C-alpha cells in the first residue's frame, strides 16, 4: 500500500483519499454480508445476531443504523427511534455514510489485529463511538442540541468515549481500544487521524470561545496522550504515549514526555499508517 | 462572580458557601422543571423520558432518586428498591440532597460546556456517580457494607468511576468526563474540588490504616493526575494533567510532571473556578 | 504470610504456588456459600441476588459460569448460551477453574480493601474481566475466533477492559479497579502479576508478529503504566504509576518516569504482595 500511495504522491497527512485497494460502497456491503454469512455458519451461537444485524438488511446504511441503535438504546431512548434518526441522518447528509465507510477502510489498513470488516463494525467500540458521534454532530448542526447531548451521554456510558457533539471529525479515523477518550467542545480533528485509548483533547481556561486543540491530517496520538488548550498539532505528527502537550507541535514531527518535547522533526510522513 | 466572591472575602479554598447567584432549593427545582418542559416540547424524542424523569415528580429528591435508581438498576438490583433507598437516605440525612444541589451549582459555575441544570443532572455521569456515591457512603456509615459495595460496583460498571464507599466527599464537587476516576478507601475530599477524568487517588503499602490522599478545599486535579499514598494536597492547589504526586503539596500552589514538582507557590487562590 | 513463604523459599516471582493459608477448592466453595448466606440475612435487598447467583448452585463452576453469563449477556448474546459455554470450558480444561480460584486467593492476599471472597467474585470487574478472558482465550485456542472476539468486545463494553483473546495470562492475577486496561494480541502475562487501572500493554509497529510485551512472574504495574512493544519486564519488577516503558526492564527492579528509568535494582523480591 505504501508503494501504491507513494507512486501516486499521496500521503495520509494530505487528507483522506479513496485508494485503489479500497472497496467501493457496493463491494464493501457485499463483503460484509459474505463475512457475516460465513461466521453464522461457523459459529451457531452468533447466527441469530448476525442475521438480525447484517443479513436481514438491504443496505450498509440499515446495518449501520441497526448497530448504532442497538448499542445506544436504553429504557429512555427507544431503539426504533434511534434507528429512524440514523437513517434520517444518512439520507440528509450522504457524507456521513461515506465517512463510516472510510473509517472501516482505515481500521483494516492500520490495525494489524483486525482482518474483517464485520469485526470492526460489530465489535470495536471506538468505531461505533465515532459513527454515533457523527449522528450527534448532525443533530447539533441542525440545532437539536438536547437530543445531541442525550446521544453524547449514551456514547459516554456505553462506549466510554466522551466527544462533545460540536466536535468536527474528518474521515479515515481509527480510535483503537477507545476507553477514556475525551474531546472537548471546540476540538477539530482532521482526516486519517489515529488515536489510542485514554487520549484527551482538553480545554484550557473557562471562556466560551475556542479552547480545545486542532489536530491535523494524519496525526497519531498514542495511548494516554493529553493535548490541552487551543493548540495546533501539525499534519503527520506523532504524539507518544503518555505525552502532555500544551503548545503547538509542528507538522511531521514526533513529540514525547511530560511536558512534551519534540524529538524528531519532519521525519516520517505517515505515522498513522 | 469572582468580584462578588472577593467582595465578600470568600474563596473556594475556604470551603463551600452558598452564594447570592446560586438558586435556592425551591428555585432550583422550579428551574429544572422549566428546562425539562422546554426540551420536551422542542424534542419529542425526549418527551417521554423528561416526563418520567422530571415532570411527573413532586420534588428534587424524587427526581434525583429516580435518576440514580434508573441508571444503577440491573437484573439483580431492582430500580424500585434503589429508588426507595435513595429517598430513605435523603430523608435520614438532608445534608445529602444539599450536597446534590451544591454540586449542580458547582458544575454550572465551572463547566463552560454546561448551561442547563438538567444537562448536568440527566447526562453527566460524573455528577451521577458522585450522587450515587453519597448514597453508598450513607449505607457504609450505617454499617450496611454489603449493599454499599454492591452500589460501588454498579457505579464502576455504569459510570466507570470507582469510589470506595468509605470515602468522605465534600460539597461543590465537579467530576468532568469522569471515565476512570478511582478513589481508594481512606481518601478524603474537601469542598469545591474539581477533577477531570482518569484521576487516581491511590494507596501505598498494604496496611489497613490511612493509605490514601487527603485533598483540600478548592483543589483542581487535571486529567490523568495520580496522587498516591497518605499525602496531603493543600487547599486551592492545582495538579496538572498527567502529574504523579507521591508527597505533600502545599496550599495555593501548582504541581506538574512525573514525579510532581511545584512550579508556582501561593499564586492563584481559586484554581477550581 | 511472608514469613511462611520465605520459610519455604517461595517468592511470587517464581510463579504461582498454592500456599498452606490458601483454601482448597471445596473449602473455598463452602466459604463462599457461608459469606453469601450471611449477607442474604443481613441485607434483604441483596437476598434474591445472592440466592440466584450463589446459593442455588451446586458448585463453584456453576456460580462462576452464572456470574460471567449474567454480566456479559446482551440482546445478542443469550445468558443461557454463555453459561453453557463457560461450563463447557471449565469441563474441557480444569486449569481454567483452578486459575479462577488462584485469582480469588490472590485478591484476598493482596488487596487490603477486600476481605471477602464474594466481594471479589460478585463485585470486582477486574476479577470478572480476567475470568471472562479465560473463556475467550479457550475459544480462541479452539479456533472459534468469531465468538472469542464477540466476548472480547462484551468484556470491553461491560468491564472497560480490552484483552485480545490470544493473550496468555498466568495464575494469581489481580487487576485492581481495572477501568481502561488494554492488552494487545501478542502480550504474555506471567503468574502473580498485579496491575492497577489504565495499564496498557501496547504494540509497536504494524507487523503481524510479536509486537507486545512479555510480563514476568510477580510483576506489579502501577496505575496508568504503559509498556509498549515486544519488550520484557523481568520477574518481580515494579513499574510505577504513569510510567512509560519502551525497553526491557530487568528482574527485581523498580522503574518510574516518562520514559522509564530504573531507580532500584534487584531490591525487593515480592512487589505484587
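Which chain is which? They are A, B and C, in the order written, and residues in each are numbered from 1.
Rule of thumb we're sticking to: a residue touches a chain if its C-beta (ideal position, glycine included) is under 8 Å from a C-beta of that chain, and two chains touch if they have at least 3 such contacts.
Just so it is clear, the model here is predicted, and its values are computed rather than measured.
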Arrangement of touching chains [line / ring / star / complete / other]: complete
Superposition of subunit A upon subunit C: rotation angle, C-alpha, nearest 5 degrees: 120
Computed distance of Cα centres, subunit B from subunit A, in Å: 30
Shared interface positions of subunit C, touching two or more other chains: 160, 179-180, 198, 224, 242, 258
Subunit B - residues contacting subunit A, complex: 39, 42-43, 45-46, 48-49, 52-53, 70, 110, 112-113, 119, 122-125, 158-160, 177, 179-180, 196-198, 222-224, 240-243, 256-258, 273
Of subunit C, residues touching subunit A in the complex: 75-77, 81, 85, 144, 146-147, 149-150, 152-153, 156-157, 160, 162, 164, 179-180, 182, 184-185, 198, 200, 202-203, 206-208, 211, 224, 226, 228, 242, 244, 258-259
